[in-house]
Structures are given as C-alpha cells and as structure tokens.
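In the two complexes below, subunit A is the common chain; its partner is subunit B in one and subunit C in the other.
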Partner chain A sequence: MNEFVESRVRLTWPDRLRSEYDVVILGGGGHGLATAYYLATRHGIRDVAVIERGYIGSGNSGRNTTVIRANYGVPEAIRFYQRSLELFQGLEEETGRWIMHKEKGLLWIAHTEMGLRAERARAALNHAYGAETVFIGPDEINEICPQIDLAGGGRYPVMGASYHPRGATARHDRVVWALAEGAMQNGVEVHQNTTVTGLKVSGDRVTGVKTERGDISAGVVMMALGGQVTMVASMAGLRLPIRSHPLQAFVTNHYQPGLDAIVASTELLFYASQTARGEILIGAEIDRQPSYSYRSSYGFLSSCAGRALALLPFLADLRVLRQWAGICDMTPDYSPVMGPTGREGLLVTTGWGTWGFKAIPAGGEAMAQLIATGEMPELIAPFGLDRFARDLPLSDRGSAGTQ
Partner chain B sequence: MLYLTCPNCGRRTVEEFRYGEIPTIPESITDPDARDLDRGFMRTNPFGPSVERWFHDYGCRRWFTVTRDTTTDEVL
Partner chain C sequence: MAVALLRQGIHPRGGGCICLGGDCPNCVVEVDGVAYVRSCQVAARPALEVARQTDTPRLPDESRPLETELRTAFADVVVVGQGESGLAAARDADGTVISFDAHRGEEAIGLYAGPTVVAKTPAGMVSVQCSRVVVATGAAEEQPICPGSELDGIFTKRAAESLRAAGIDLGDAVTIDEQPQRFEGSGRVEAVVTAAGDRIAASTVVVDLGLHPRSGLLRMGQGLEVEVVGDAALTDSLPPPPTEGVVCPCSDVTVSDLEAVWDRGFREMELLKRATLAGTGTCQGGVCLPHLRSYLAAKGVSTPAPFTARPLTRQATIGEVAAGYDLPPFRRTALHDEHLRLGATMDRFGAWWRPWRYPDPEAEYWSVRERVSLGDVSTLGKMEISGPDVVALLEKLYPCRVADLKDGQVRYALLLDERGYVLDDGLICRLSEHRFYLTFTSGGASFAEMWVRDWAETFDLDVRILDRTMSLGAINVTGPLARELLRRGGVDSPPAYLAHVDAAVFGVECRIVRLSFTGEVSFELHHPFSDSVELWRRLEEAGADLGSYPHGLDALFTLRLEKGHFIVGMDSEYDSTPRRLGLEWAARLSKPDFVGKQALLRTNRLPLNKRLLGWEMDGPAPIEGAILWQVATPVGQVTSARYSPVLAKTVMLGWLRSDPAEPEGISCDGRPVRHASHPFYDPDGARARA
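Then we have the complex of A and B:
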C-alpha cells in the first residue's frame, strides 16, 4: 500500500501478537476481512485476529477481474450471489468508503444454437430465483454495446445474449481496505507478514495456530486462504476437494471511456470490461495444469487476445500494458465450500475458483453468522464440505473461466 | 511459459499437452466408502515436486511421466 492511500485510509496495525483470541482468521483477503468486519459490526465479536502471510489483499483479492454479478446456473448459487450483489450495492454507505462500485450491466453472448439455449435457460432460472436477467437478441445487444461486431469476425456470429443489468464492478483493493478499516475501527487486529507454520490440534479439535511469531490459542479458527488452503488443512490431517490452477488476465493501455457494459462469452472463453482508468481488462479461463506459479504465458495472451478481437475489433488498436496470474482453488463441482470441516473449532471458506471477489460480502456475512451462532446459515447450507459425501454436489460451470 | 519435453517429439509448449492426474489416496484411509469419496472428490494438490502423467495431444498421442515443481512450473 503506498503513502497516498495510507493517508486516506485509517488503518491501525497492532504492535504485538497476543497468545489468545476468541476467533483467529487465517488469510487477510476479502473473505477473511469481510468475516472479521461482520463479526465485529453485526455480532459484537471483537476479540478477533486476522493473520496474513504477506500484506492484506496481496493474493487473489488483488488479482481478480472485479466483476460483481449473480447470474449463476443453479438456484442455490443464484440466491447466494444475489445476496452478495445487494450487499455490494450498500457497501459504500455501510463502510463510509468509496469502493468505486459502478453498475454496468453484463452481456453474456451466445454464438451457437446450444449457446442460445444455455443463455435462455440462464435467464429463466435467474428470474425464478431473484436475479434480474433477461434474454435479448442482436438488435438490443447492439444498442447496449455498439462496439460488439455482431458478425463475430465472420466466425462467431452473435445470436443472442442473456443481459444482467445489475452486473457491476468495484475497485478490488478499495473493497479490501474498506473492510479492513471497518474491522480495525471495531477492535479487530490484523497481523500482516505473519506466516502460519502449523495448527494446534488436540484429538479431533483444533485449539489454535502456530505462527513464526508465536503460538495463538483460539476458540474458532477459520481458514480463508487462497492458494494455500490445502497445505494448512493438511496440518490438521484434513483432505480437501481442491485443486489450484492459475488464471491469467491482462489490461490494455488507457482508452477513451466508452465500453460501458461488461462483455462475456462462454463459448469464446473471455470477458472484458473497462476500468475507471480507461484500461480494457480482459480475463479468461483457468490454465489446464494445476500450479501455484504466478508466471504468465505468451501462449495464453495470444490466444485470448485473438478471441477478444473476434467480438470487440476496436481492441486491435490497443497495446497490452500488464499481464498477471492468480491462483484459483477449484472444486470438482465448480462451487465454493463454506462451513465446518469435520474438525471441531476449524471452519473453512474456500473453493473460490473464479467467483471469489463477487462473493466477498455474502461469504463474509454468512461465515460471521456461522461463527457467532454456531449454526449454518440457510443461505450457505448447500455449500458445506459434506455435500460430496452426501452426493449432493452443486454442478455449476457458471463463469467464463470454467468451461 | 511451461515447456514439456515429450520423449518422442522433443520440447514443445504446454498447449500441445493434456494433463492427467494420478489419483493418490492416502493409505491411512481404509474404509472402502471413504476411499471412494477420496477417489471421486479429494485432491492431493501438491505444493512442490509432483509426479504427473501428461498426454501429447497434438503430437505422438502417447502418455509419459514428468516430475514438475508446481510452485515454479519447472520440470525436474
């Protein structure tokens, strides 16, 4: 975090790590900080420590493509992400911080007959479960986003789209800082540069964590770790349904503002939006091989740029400014995992694959409620880790990243 | 960029290959139902050296074994 931001966000760092807290949250990203924020503000639980290995928001909270939407493919997910979308709409007022939330509308383009069926089904299912999505034809697409080449470069004709008018973006770092600031003002301690080296286990119960700055006892330990959750869970002898894949994205140079909508195509496997700075932000699907490497590849850049050009030919005049990768924790059914782990005193929120940023407020709210009441909130009950043993997976390839 | 060396075709970019996981179920899991659950859903997700099978899809179309460090994508 640079000095300019530091002067405007009032973050207060604790000087020492205590040896006991009611709640210890591992991971200072959006989900960990949101849980701490809601624990402190909604449930009055303030004896909370957030432990972060690097700096807050240094993992996937600072690497995602900032889209907020609720147009998922299974009822449980639609309800959950719709709650998150609504919480995001009120987050600036609630935290008193400008997170650059902007409603843009999201176009999900179909190029084939099967794609049309999928988008019609998505619109109908979203409508039935409370998310606003309508099916529209090429003329309306042209009105909403005139930059789209309806001929799709001659290879990917635009046949229709599901339109999600409440689709939005927000500045991801500002979301992290707003939640951190709100949590800190309510007594939560956030410890950066603190690596977890082990979990304190007694029988089937997790009683705390070991860090390189000392051991901590805790009533509840919650893992909100992106990319490293498998290793920390294994410290309690726990196996998770998680495989970590890199996901790459890139931005172009600054361009006159004008791409107002978020454009996505599941068949072309990319999505694009324009940031407040004018850069066109383009993301894509996960890399096929599991890996923890943040290296980006030219193979991805050339193939993704080619696909984006087929739909948005004006991009041909732009230059690539930055490219990066984040690590996506993928579950076998492409839905997140939230709730108990089977070890007493240890909770997990993981499997945030390519849909973690948009779930930050609702995920944090639900996990805070679970910690405070000890009962699984109805909203996230279907997302428990036990769903695999009960043969109730939530198969939802609801993003452009997971086809 | 990750390159793999196919024993038949030589060094090629990873886009030519398909990743094939070797399911590793811990021996400590003995209950047959628990082993089935592990085989179906749980992942070892190794952090560091990982022994893997890869298929040369756009080449000789044969399987081979590589050891890869998942933190750097280097083939060991």
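Then we have the complex of A and C:
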C-alpha cells in the first residue's frame, strides 16, 4: 500500500432516482458537491440530488492543476478567492479528511519592466483587499526557490516577483470526495452515470430536469457543469457568454519533495508545482481554438516544457509521465459567473475558466446561501450574469495565468 | 542493458517479474542521473552510469545542456512496431512509409491529431505527420499478480526466450501457464504454488499467462486515421480476478487496497484508480489494467472500460520533449545597435527590445523639454490602406470622423471593440482621396491588422491593406528645437500641427507626421527601415550642437504623463469605454455607425462606476499600482505615477472606482492626493502646436 491510498472517505450511493427533490444540482464536480455540502451542513437543506453524467470529479475537478491562491487583480475577485483560500485552510479540520492541503507560497515571476510594474500593482491591490501578497526581488526569489535560474534561459531574466505566501495546493480528487462524503452523510443523493437530456420548462420557469433515467421535478435547479454548460443552458433557451477552450497540462514521475514553491510566469506562460505525491505538474495557456476536445497536443507539451526549462532548468532530466486536457469555460472578462439566470428556478455557477478549483469552497458556500435565502450573498453579488448587460465586467485577464 | 545486468546476476530493480518488453516498471533504473528508465529499452554502452533507483528518486540538483534534436517529417503511412505484422504493413503500404521499431530504440511516445506520431529515437525526437497510422505494437505479456510477485527470478516467457538467446542460463526454470497462488522465497524465488495448489521448487519461474494487446496508441487515436494489425488487434480477454498481492507495482497497490476502497464506495474504474493511484505510475497501467478490469468485472461492474489512454505511451524527459522549441524571440528595430552604441539599457516591451534609458532619464527628459531629442518609435504599428471603399471602412472602424479629413491631415483616434471598449489608439493620416496611412500602438500592431482585415471582410468592402510595421522605421524628433533640426536636414516647410508631408530629411525619403505625445513640437519621421541608421546618425550629428540627446521609454513615460496621455493597456483596462477614460469627445455618437456605437449608446446611460482621473501629490512618485484610499477604504488604484521635474510635484493617472462628484480626502502612499485636471503640463497645448 502506498501512503496515498484513500483510507477514510466512505461514499454512499442512493439506490434509485426519485421524481422530486427540493434542489437538483447538475454536475457532480467540486462546485456542485460543495454547494450540496453547504446546503446540507449549513442550511439544513437535505432533499438535494446531485446529477453527474460520469463519475464524481470526472470533469475539470479531476483535471485541474490544484493551485489555491487569492492573488487576483480586481477587488471583488480578491475578496472572493481570499474567502475560498481560508475555507480551504479549514477544510481538513471541518471534514476530518486529508485533502493533502499544503501551503507552499506562490511566486509570480516578472521578466521585464512592464512585468515588474504589473506584479507591484498586484501586490498593492491584494494587500488593500485582504490577500497577502508582497513584491520581492531576485535575491528573495532565490532564497524561496533556489532552483530558479535567474537568467531565465537568457531571454527571460528574473527581475522580481509578487510572492503570495498563502498560495497552496491540495489534491483535487480528495477535495471532491471529502465534500461528496460530507454531503452524502447529511442526506444528499449523488447520482453518477446519469445524463441530463433536457430541462423542464413551464413558461419562464424551470421546474425540473429530464434525464435518461427519468424526469425530476425540483424547486431549484442549479447548473454546475464544466465544459458543457452552454449546451445544457440552451435547453432552457438560455445563452451564456461562455466559450469553451481546452487547457492542457502534464506531470512527471514522482520524486522526493524538492520544489517547495509554486512557480508561475505570465510572460513565459507556464506554472509549475510539485504534488503531494511528488510529481512535477506543469501547465500553461488555454488552447486558442474553442473546442470540446480532450485530446492532448505535442505542440503544447513541447513548448510548455521549453518555457518551463527557461526558469527551472533542473527539470530537464525528469521523465514526463502523462499529459491531458480539460475544458475551460471562458468568460469575456476572465471572471466566473454565479447567480440567477433570468429563468425562475434556474441558477448557474459557471465561467470557471482556469480558476475553478481554487474557488470550490467559497463558490459552494455562496451558492448554497443563495439557494437557501433567495438572496445573492454580498461576496458574489458582483459576479452575476447580469454584469455584462450592466457593463460591469470584472476584467482579470492578467490573473488567469493562462491567457 | 537489462540483459547485461541480468547476465551479471543483477536484477535491475531488485525484484519483480521481468518482461523485457517495455511494459512493466520492474527493470527501472537510473541511467546517467535520469530516473525511471526502463533498462530493457536502453542499449548498454560503455561509460553509461547505471544506478539502482531508490523507491522515490531525488530531484536533480542541476541541469545539463539540452542536446536532443527534433526532426519533423511527413509520410503517407507511419507504422509503429516492426514485428511480423508491422513489417508486412510497411511493405504493403502505398506511398511513403516511416516505421518505428522499438527493438532499435525507436519508441512512439504519443499519437496526436493529424494524425501525428511522435517518437523518441536514438537520433532524437521525431514527429511525423501522416495520412494513416498503422499500430503494430503487438501485445504485452500478462504479469503474475499474487503474493511473492516482487521476488527476483520471475520472467515472462518472452523474456526467458530472449535471455536464453543471449546465452544466459536460466537453470532449473519452471514454466507455469496459469496465475499462480503465490511465489515463495526471500529475495530470490524458491518455489511457486500453482493455481491447482502444487508447490514446485524452482529458483527461476517463467510465467506464460497470455497476452494483452498494447492498445494505448490505438485508443489514443480514436477518431483519427488509425488501423491496428497483428497482436495489437487481439481481443482483450480478462485474466482471473486478482485475490491477493500487488496489483500495481508502480504505485505499490495491493488487492486489499482495492478491496478497502471498493468497500467504501469507490466503484468506478476511475474512482478506484484515483483512490489507490493504481495505474498512475511509470507503466501507466501496463501491468495492472487487465487485472483492475477483471477485479471490477468480478464485482459485477459490467464491461469495465480501460481508463483513457493518454500520451506518453513511452517516456521521454522534459528536456527531450522540449527539443526543437525556442523561446519566443524579441524583435529588434533597425536602430538596436545604435542604442547599444549610445549606452542604452534595453528592455523588452511587448514583442520588442526597446531602449529604456540612455542611461540618464533626467538628461533625456530635459533634452526633450528644452532642446531636441530623438526617440526610436519604429515599433509603432503602421499600415497603408487604400481602395474605393477605404473611407467607408475607416468610418465604420473608427469612432471619430474620417471622411472630412483633408489630404495631408492627421487625426488621433481610438479603436473600439463591439462592446465600446478601447482596443487601441493611433493616428489616421489621409494621403489622398482613397489612400490612408494608419498607426497603432506597438503592442496592438499585429492585432490591429487582423482587426482591420476582419472588418473589411465582414462589410465586404473593397480595400487593399499593407502592414508596414516591419518595413518602415520611425524616429520621433521632439523638442522646441525640432524644427531647427529638420531644417538642417533640408526640410524648409515642415508640416503644421496635425498634418503630414512627404519630404526628404538628410536625403532619406520620409513621411513626416506631426502630432505630439511628449508635449513638445514633434515630428515622426517614417521611412524605409533600411535607411534608419543613416537617418538616425545624420540627425544625431546635426543635433549635437543643439544639445540633442536621445530619450528612452523611461523618460517618455514621464513626458507623456505630464501631458495626461494614457497608454493602452497600461492605464486603460479591458472595459475602458471613452467615457470611463474621460475621452467622450473621441467617440462621435452622431455618426451613422461605427464598431462599438450601439454598445456606447446603451452603456453611456448607465451609472458611471469608475473613471480614469488625473491626480497630483507632493513628494516622490509612489509605485505604479499604488492604492488610492479614502480614509481607510480603498477607492482606486494609480496606473501611472511620475515625479514631474518641470512641475516639481508628482503627477498621476489612476482609476477611481466610484463616481463621487468631487473626490475628497483621497490619500496615496500615506500622503494626501489632489484630483487634478490633465494635461498637467502646458494644458493649452501651445508648446506642441508652436
């Protein structure tokens, strides 16, 4: 047995799909399960079904690169992700489950005067809105992560960085399972291998969902779908400002701990960290072409490897184990969408682009509060779908790390 | 190498069934500092340093130079595998054929869209795009899953044949053809207990348990032109369900681990895999996949599918896959060496190397304000556009009027997207009735060309577009003595403010465009880049006694900030409408139509949530990005901040994230800040127009 075999979580599955629930959540990923978890544990709403097409966490929740951070570039996002970061810090204690949460500190490296300017501004804004980020120079970078080549492969010299000491990682699957188990223990039903075929619509109101296993009536339907949300939304005649792009990543074999910090560079376009198991995990930009394809590309692997080596040349002899892709729902402003849809009875949490994992607890907490109270929580009020029509976008392209 | 080690009586990993087929992790060693190398796939040669791999290797301390090369090729057919069926497929294929033979160290690592096959070979990485792929990868031999499977002295049938062929004596080897109950021994196998319960003493056991197709590439190629031949096409039959022992030797997962997570609800192949890590190690399921499937089948899961096949099917290092990749280079203007000669520190700005300082920004600054200075603005986006519909197109593209421009006139313009957000800014110069010259920001140049072309196509307008960004250089001659320097260059009638003329300057044909970013009289000399050095040197020489000194970006940013000019992307944000920037005048909503007009008509009626404003304060400039506070509440952020030598105070642009009538009690960097109208310097623009 290896030390990472999941030895505590117990998942309990319902025997049958009922025809009516108070709340139906579409999507058994992190956001759907977190919402169910907080509904059941904070609001006593337990007549909840989570409908999942595959297995829990099979979408982006099991494909992301597991970074937790709050060093965003607009005030609303900083507050929201800071809440999420704090909820992550307490999640192991709350659930009693080991999600391999580890605070590592995140270095966001700048290679030009303009890069320095951006990272200084990020540190100032983060500090003002409650996230801990400081601007540091090459010497401090070297102290935090001695493996970084300050010459940056010749073309990308390291001139400074914003450092986010609370930046962390956790194992994505375990976050999903801990939340699923907590929800299940409190009466939530999670139905895997159940495909949604339609939404039940009565006038302007969504009254339930149709699935391959039968129709379900629901007081509230929440879409927490990654990658396919526009298709399901269109079943209610709803258009979302989302384009889906693949995002790729790769891991190496596992090694003893040694890369302590999370290293990212917007100008080089890559980020790297070491997983709890010891694999080096490297990701970069989204594929330019919108697509639902999960196929990896060699061009990505090769260029991403090359860019990573400019900053972390000691990785050259590590053997690549596996590459994969997830589908990112990109919004025009690089911020998520949470809240009402304009169809009564239908809520949405989407637009999770490349920043969804780190938002799981706060997103679930807020959506549960919205379902329970009918009121948009202040924390997510700016993230409503209506912000585009109101011309109040939350532009944060520079914080995606993956533009 | 594995054979060489075994010949010496050394098990590469210390124990575990040896397959010599590249399918299992049991011969993994460290070769020349690279961990996780399957010794059966590497040719032994002198001076290779081989070490037994500790359970979890350490990260390397340092790196070696990258030496691997990437070769790209095209072929009609790629055949992966050169066994009997692979050879036949290569022989019978029409057109050009490229084959990869794992026995010669040519390992296909992945099959990608195209189809494209990437292989690691002794000569380097090879990427072949083709019309058709033939997967002839054969089949892997089933591994024994039972207690004792980690002992030394266990070989698959093929491995045993290879070893014997290499002259290695396997002694009293016993062959079994069913999954045994267990192996016994300590370190080395001493006996095997067969499925029937017979205990057979043997120091070497050969297992002949059947074949499983190596279908990774095939599954990876779903939806592509891929066919499969030979043993790789075998129907995969499931082994008996494992009952005890290690199922996944890479991650050390036992049957009881599977049992434990199954009992706690992990009942999908993927959940079982993710909860135990079985199949996520070096061999990517090569050993355990058939057994996991049969485990699940025995639990009543109907036809458990194999998990998704992903590259890499065989491993390569990060350094190897990076072969052929070069970091994006930064462009140099034709004047790059001139800047270096003048002692400039260069920085990368957008896609370009640009002079940052020469290296004294204060001297550069005063040279502009008081005398004359040269600036290299070759990086500006430049475009010539002509044709019968050119006015119609530009009227739609730009929010300002274009049709009323007279020949020789220049107009500053914003470029908006459909949401009414500022994409870029630049100049519109009218050359003649149907011919214009446009400039864009350095960072916006490549996007601008795409943008203009897209809209020309969308509106189906008859125009010719020529991107001159790379073919023309541009030098900004700026300062109160700029006119005198031009006169010395032979220009007696320089253009008036907001005008342009074509004229020779020191014999170099230039388009002289007059506007001002610095706040002083400025002439941009656009010219063929091949003349840039000549023109620069002549200007430099002729300006020497005028006190001319070139200026870099650092000084330019101060000069333009004193004038309150915003820079796209530095001061503006994604959602910057003309109204938010305080540039309502730049969008003429009375025009019949332009890109962004409909959005502006709608959003201009909404409450204004933020504004880019001018600010000033005493003392040195705070960082660009400093927060604007109203008492203890953050209300905005500075985007540009410079100490103004001529005004002896700090001037700034910054966003106020609310819309109070007059912002009161604002501070920044612990000091009071005053809202101030901009331009801060020469607000009437008398100096620029002089």
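As a convention for this text, the second predicted complex is superposed on the first by the 390 of 403 C-alpha atoms of A that agree within 3 Å, B and C clash if a C-alpha of one lies under 4 Å from a C-alpha of the other, contacts with A are read in each partner's own complex, and residues count from 1 in each chain.
Going forward, a residue touches a chain if its C-beta (ideal position, glycine included) is under 8 Å from a C-beta of that chain, and two chains touch if they have at least 3 such contacts.
Every value quoted in this text rests on a predicted model; they were computed, and no experiment measured them.
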Now for A:Arg322: first (subunit B), second (subunit C), both, or neither, which partner does it touch? second
Touched partner set for A:Arg288, first subunit B, second subunit C, both or neither: first
Of the two partner chains, subunit B (first) and subunit C (second), which one does A:Thr230 touch, if any: first, second, both, or neither? first
With both structures placed on chain A, which of the two partners, subunit B or subunit C, ends up touching more residues of subunit A? C
Of the two partner chains, subunit B (first) and subunit C (second), which one does A:Tyr298 touch, if any: first, second, both, or neither? both
Once the structures are superposed on A, label A:Ser217 by its partner contacts, choosing first (subunit B), second (subunit C), both or neither. neither
Is A:Ala128 touching anything from subunit B or subunit C once the two structures are fitted on A? First, second, both or neither. second
After the superposition on A, what does A:Leu240 contact: first (subunit B), second (subunit C), both or neither? first
Could you list which residues of subunit A make contact with subunit B in one structure and with subunit C in the other? 295, 297-298, 303, 332, 393
Within the complex, which stretch of subunit A touches subunit B? 228, 230-231, 239-244, 288-293, 295, 297-299, 303, 332, 388-389, 393
In the complex, go through subunit B and note every residue touching subunit A. 1-2, 13-15, 18-19, 21, 26, 37-38, 40-45, 47, 68, 70-73
Touching residues of subunit C toward subunit A in the complex: what are they? 33-37, 56-64, 66, 70, 110, 112-113, 116, 118, 127, 251-254, 256-257, 260-261, 264-268, 270-271, 274-277, 280-282, 284, 308, 310-312, 315-319, 321-330, 347-350, 356, 419, 553, 570, 573-575, 577, 599, 602-603, 606, 609, 623-627, 629, 634, 637, 639, 657
Taking the touch rule as given, give the residues of subunit A at its contact with subunit C in the complex, in rising order. 1-2, 4-7, 9-13, 54-58, 62, 75, 111-114, 117-118, 120-125, 127-129, 153-156, 173, 177, 192, 252-256, 258-259, 268, 277-278, 294-298, 301-303, 305-310, 313-324, 332-333, 390-393, 395, 397
